[in-house]
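Dropping the structures in below, format is structure tokens.
Same chain, two partners: subunit A is paired with subunit B first, then with subunit C.
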Partner chain A sequence: MTPIQKKVCLVGAVSVGKTSLVNRYVHSLFSEKYLVTIGVKIDAKTLRVGDVGLRLLLWDLAGDDDFQRLNASYLRGSAGYVLVADGSRGHTLDAALDIQSRVASAVGPIPFVLALNKSDLRDQWDVDGRALAELAARGWLIRHTSAKLGTGVQEVFEDLARLLLAPASTPPGPP
Partner chain B sequence: MNSSVATEVVRALKLAVFRRDASGRLRLHPPVPDWLTALWPAAAAAGESAHGVSPFLDNFLIDAAVYWESGSGPGVGSGPWLETDGRGGEHHLQGRALTSGRHALLLVEELGPAFDERRGILQKAHEVALDYERLQRAEQALAEEKRLLEQRVQDRTAELSRANLDLKSEVATRQRYAEQLRALSLRLVEVQEAERQFLARELHDEIGQLLTGLKLSLEIFLRSAPATGAPSCLEVLEVLDELMQRVRQLSLDLRPHLLDDFGLVPALEWHFKRFFKQTGIRVHFRHAARQTPVSPQLTTAIFRVVQEALTNVARHARVPEATVRLWTAGDWLGAQIEDHGRGFDPEAALAAHASSGLFGMKERAELLGGQFTLDSAPGSGTRLTVEVPVAGTLSVPAALHTQEDSP
Partner chain C sequence: MNPHPSWSSSAEVSPEKASGRSRDELAEIRELLLGPEKQALEHLRERLEDPAQRAREVSGVLPQAVALACRRDQQLASALVPAVESALGVSVRRDPSPVVNAVFPIIGPAIRRAIAEAFSQLVQSLNEALDSSFSLRGLRWRFEAARTGKSFGEVVLLHTLVYRVEQLFLIHRASGLVLAHVQAPGIQAMAPDAVSGMLTAIQDFARDSFHAGQSEFLHNLQIGELAVWIESSPLASLAAVIRGQAPPEFRAVLQEALERVHREHSGDLEAFRGDAAPFEVCRAELEACLRQKLLERRRSPFKAVALVVLVVAAAAVWAGVKIRDQRRWASYVQRLRAEPGIVVTATGSRGGRHYVAGLRDPIAAVPADLRAALGVDPARVEEDWQPFQALTPSLVLRRARSALQPPPGVQLRLEGDVLFVEGLAPADWIRTAAARVQRLTGVRDVDLSRLADAEAATLVLRQQDIEGQQLRFDDATRLASGQEPILTALAEDILALHQAALVRGKPLTISVVGHTDQTGTDEQNLRISLQRAEWVTQNLVARGVPLHILQPVGMGAQQPLRSDLPPEQWLLNRRVTFRVHGPASDSPPP
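Showing the complex of A and B:
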């Protein structure tokens, strides 16, 4: 049976590890070298959720910052998105909240998962636990991930895949 | 520009040119660039449509269609994106929708060296920004560490200041108590000496006179009636002599009048003779004391120290002789009592409070602002030295006098 195809965008501030998450998930690769993403790179990965085959088209969008702003037209047709923040750089969570708001304005309340990446740097963790608790209380699905170690990565995409296929899924929507 | 030149330009720029026909299909216009053949060989071979070969391009064509339908403006760009061919080769592409005359065109170019340069600059800019961010975080962490450290230093300093104040207060209180204690001790010594002086004078002047009068009366009585009761009267006279002798001794023990009447040196010389008579220990007295006016307080203190030291010699030293030295040096008056007897361990004796006499001597010297030194060791004799400032008599605070003297 032909798998269902869904477009999923990865969004977040610069250098939070969006490309690394995709590389780890799709190619099982990780590189310590940071290479800035310019524009868009698209990868695909097929997985099964229960009896359903799902092909995720992963749109890795350039990090949103002063040099490159998030292009809303790239979000068109997205079924869901992975919002990525760097747990060792607290301000990237603030940036993620802003981006989430803009994405929701552009494409509506579609499902998403917050990936708090670089959990291998727990000793340098810099995120406000209370802020995370508030987000969780709002219904946000939050995963701690490490593209370097591979922990939590598959779970993020599987979580999102389940949300994408859930018939009565209730997206959290804007705060 | 003729078509052959245009074709060369298109080839040189590695452009893929699609022309939109009336049905909305995009047909590839030759020449076909190599990158397109590598990426989408089927589309290149068919030369028909750009639809369906790339999700990114499909998404852009939605914006392009809107533009072409509107037919106005300079065109729309897709922005750069990355495609990977079947051999793993990466191609950075960028599309642009435009119109030329009545033709709707889609140009897709492979970004070349200029893009690599732009990418390099952007990479460098991001790395610098990240370095700056790391530096800022490090600075913030350092600033926070510094703040915490300063706070700790501040807290500790405040704590130490409080402790210092408490300590100063405690020291002041203890000093006050110590001064009061010294004043009281001095007062006690003065009172004791005054009492001894009073009793000695009473015994010598009053009781002694009465006893002398009684003896004279008895002798007159015996001369006038020698036969009447002579034996018993003679016995009474003997008892009376004994009593007078005892009273004189007691008076001298309490305080030799020589001390008050003639001063320290004669009083000491008299005491050494009496001491020899009582103990058989000869005292060699060496003194170079000038006739410096010395307060009665000081005279008494030195006399008592010598008296107490010789008593210790008689009790413990087991020697036939001792030496007493008395001198003045500058404003200091010194006395030294030395014997070559059994000796003892001074520290142990003082620590064990074995001798209140030693403490008494030490206290007398210190009350007068002087020093007390004791050199002794078992089998090596004893040398006790006291030095006191001639002008160093401690005065009792007025408040204490008032308190003590008030009825």
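Showing the complex of A and C:
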């Protein structure tokens, strides 16, 4: 049976490791230069959630900063997204919160997972535990990942996949 | 049995009346008691007896009954097979279109699949066929195949293509997810869903970068000889990956296909949440767009004409050679049949070679010589000759000639089975001739009676020559004018005769006879005649003739040339004559 396709975007500030996460998860088809040229690189990954086959189309969107704003066009039609922040750079979590609100206003309340990347750099950790607890309390799904070591990567996508297949429950609201 | 006995006993009426009344009452009671049941029975009977009614009722329960039966076992299905088969037959005979319409959606994809498979096989066989071709172009393409890592058939196809639609993507416009994807046989497509996403991203990128409206879209991407043609509707896009130069009309084909998809699946498109199953049926629509056009190889008419001319010329040459060969063979066989000493018993051809068999007299003409004279190719001929001896006169004669080896001057002639040998021949040959013609096939008898000794004849002739000569004199021992050459010739003749006589061992004597005219006395005449004979003898000796074979004789006037000569011609009698005794004549010298 043909798997269900879902478009999933990876969003986050510059250098938080979105592309590294994707590269950890799939064997990349296209060159990373697309990111700097047209601002997106797309990969696909098939996985199973229970009995259901799922084909994730991972749109790795170019990092959001002052020079390159998130292209809202690329978000259209997304079924969910992975919000990525760098645990060793606290301000990227603030950026992620900002991005999340912009995504939600562009595509509506769709499922997402927050990936706190670079968990291998625990000694340089720069994220306030209370802020995270607050987000979790709001219903956010938060995963600590290390694209470098591979820890938590698969789980981020599996969590999101489960959310995508869940019967239209209320997704976590914006802050 | 009467269930109510009290009613009949209490009535004071005549028996007939009483019985009639009681029947009416009974019926009334029965009606009262059993009326509803009777009506129900009546109703049931009507239902059972009315087929239309029954059919209406069965139709109500039939689907349920069929479903039940199918769930239970295969019996109903088996029972229905003949009926369904004959029903289909009747339907097709009556009007094929309903069945055609019904099977059309199945047949289309099946045919396309079959064609795709056949095409794949064609490419395969093209590969194999061209593997053995070594034209310059073939080698170039082979090199290209090795260089690019493509199969040879693929390279050939690429060079002979005008265009080929390699892939088609039906894309959900909002999400960029692929709804359906088809590809031409032999095309390696990489992750169609990711490609579909990128195509959508590129669309968005182009639109955003150049501030185009949402309804605008990128129609065409060109990458070398590959092009991506994109058609969009509000909910879906159709992207065709085309190698080569597709005609502009193809865009209309794409538009129509997309319109049909949109029309038939607008609900599915709106409700699309990632499950592409409803769009599986669109594959047929997309496959119909997988078109291609091959280059029409324009063959130069000159080449075709040259080819035809060449073929015709070759055929003509072949036929010409064949006919000439046949004619030569026919005349050879004819010649063999006409040839004495050769009997042809069988002739024909087998395995592209002529053959002839028969009998041949070893003395007859040699077939190889006849063949060579007529130009028959010996390599294409088989011959089988059995030896025999022919009794044809010419052959018998030839055999006789071969046995006798007759010298020139001898003729052979056959009359019936008698061989005549005629003419002059050396004595030695004549002596052995009779023995040589013994036991000669076809000759019963040999007649040598007309065969003469050639040398003896020569001697006779010379003798006659010599005896025919005379030398005339003017005076006693003075030759008349013009007689000198005769004397010289005579000397030569006598010498030759002498040589021949020596060879044959025969004695030779020549009388040299002198004569005078009638004037003078006999005594004078005798003396003068002897003087003349001796003078000639001396002169012959002087010319080499041996003296001992010459015998001078004087005859005086006794043997005049003619007795009736008038006196004025008596001078003619002054002469010397010769008489030969020896090899050819047995007359003794005087």
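The rule is short, and it goes like this: the second predicted complex is superposed on the first by the 163 of 175 C-alpha atoms of A that agree within 3 Å, B and C clash if a C-alpha of one lies under 4 Å from a C-alpha of the other, contacts with A are read in each partner's own complex, and residues count from 1 in each chain.
Please note the rule applied: a residue touches a chain if its C-beta (ideal position, glycine included) is under 8 Å from a C-beta of that chain, and two chains touch if they have at least 3 such contacts.
Here the structure is a predicted model, which means the values were calculated and not measured.
J.: Looking at the superposed three-chain arrangement on subunit A, would you call subunit B and subunit C a clash or a fit?
T.: After superposition on subunit A, subunit B vs subunit C: clash.
J.: So, does A:Y74 touch the first partner subunit B, the second partner subunit C, both, or neither?
T.: In the superposition, A:Y74 touches subunit B and subunit C alike.
J.: A:R55 in the overlay: touching subunit B, subunit C, both, or neither? Say first, second, both or neither.
T.: second
J.: Touch check for A:V14: first (subunit B), second (subunit C), both, or neither?
T.: Touch partner of A:V14: subunit B, not subunit C.
J.: In the superposed arrangement, does A:R89 touch subunit B (first), subunit C (second), both or neither?
T.: A:R89 sits against subunit B, while subunit C stays out of touch.
J.: Would you check which partner chain A:G39 touches, where first means subunit B only, second means subunit C only, and both and neither mean what they say?
T.: Touch partners of A:G39: subunit B and subunit C.
J.: Between subunit B and subunit C, which residues of subunit A are contacted by each of them?
T.: Touching subunit B in the first complex and subunit C in the second, residues 7, 34, 38-40, 42, 57, 59, 71, 73-74, 76-77 of subunit A appear in both lists.
J.: Please output the residues of subunit C touching subunit A within their complex, sorted ascending.
T.: Touch list, subunit C to subunit A: 172-178, 190-191, 193-194, 197-198, 201-202, 204-205, 207-208, 273-277, 280.
J.: Subunit C touches which residues of subunit A in the complex?
T.: For this pair, the touching residues of subunit A are 1-2, 4-7, 29-30, 34, 38-40, 42-44, 55, 57, 59, 71, 73-74, 76-79.
J.: Any idea which subunit B residues touch subunit A in the complex?
T.: 54-56, 59-60, 62-63, 79-83, 92, 94, 118-119, 122-123, 125-127, 129-130, 133, 137
J.: Provide the residue numbers of subunit A that touch subunit B in the complex, in ascending order.
T.: 7, 14-15, 34-36, 38-42, 57, 59, 65, 67-68, 71, 73-74, 76-77, 89, 126
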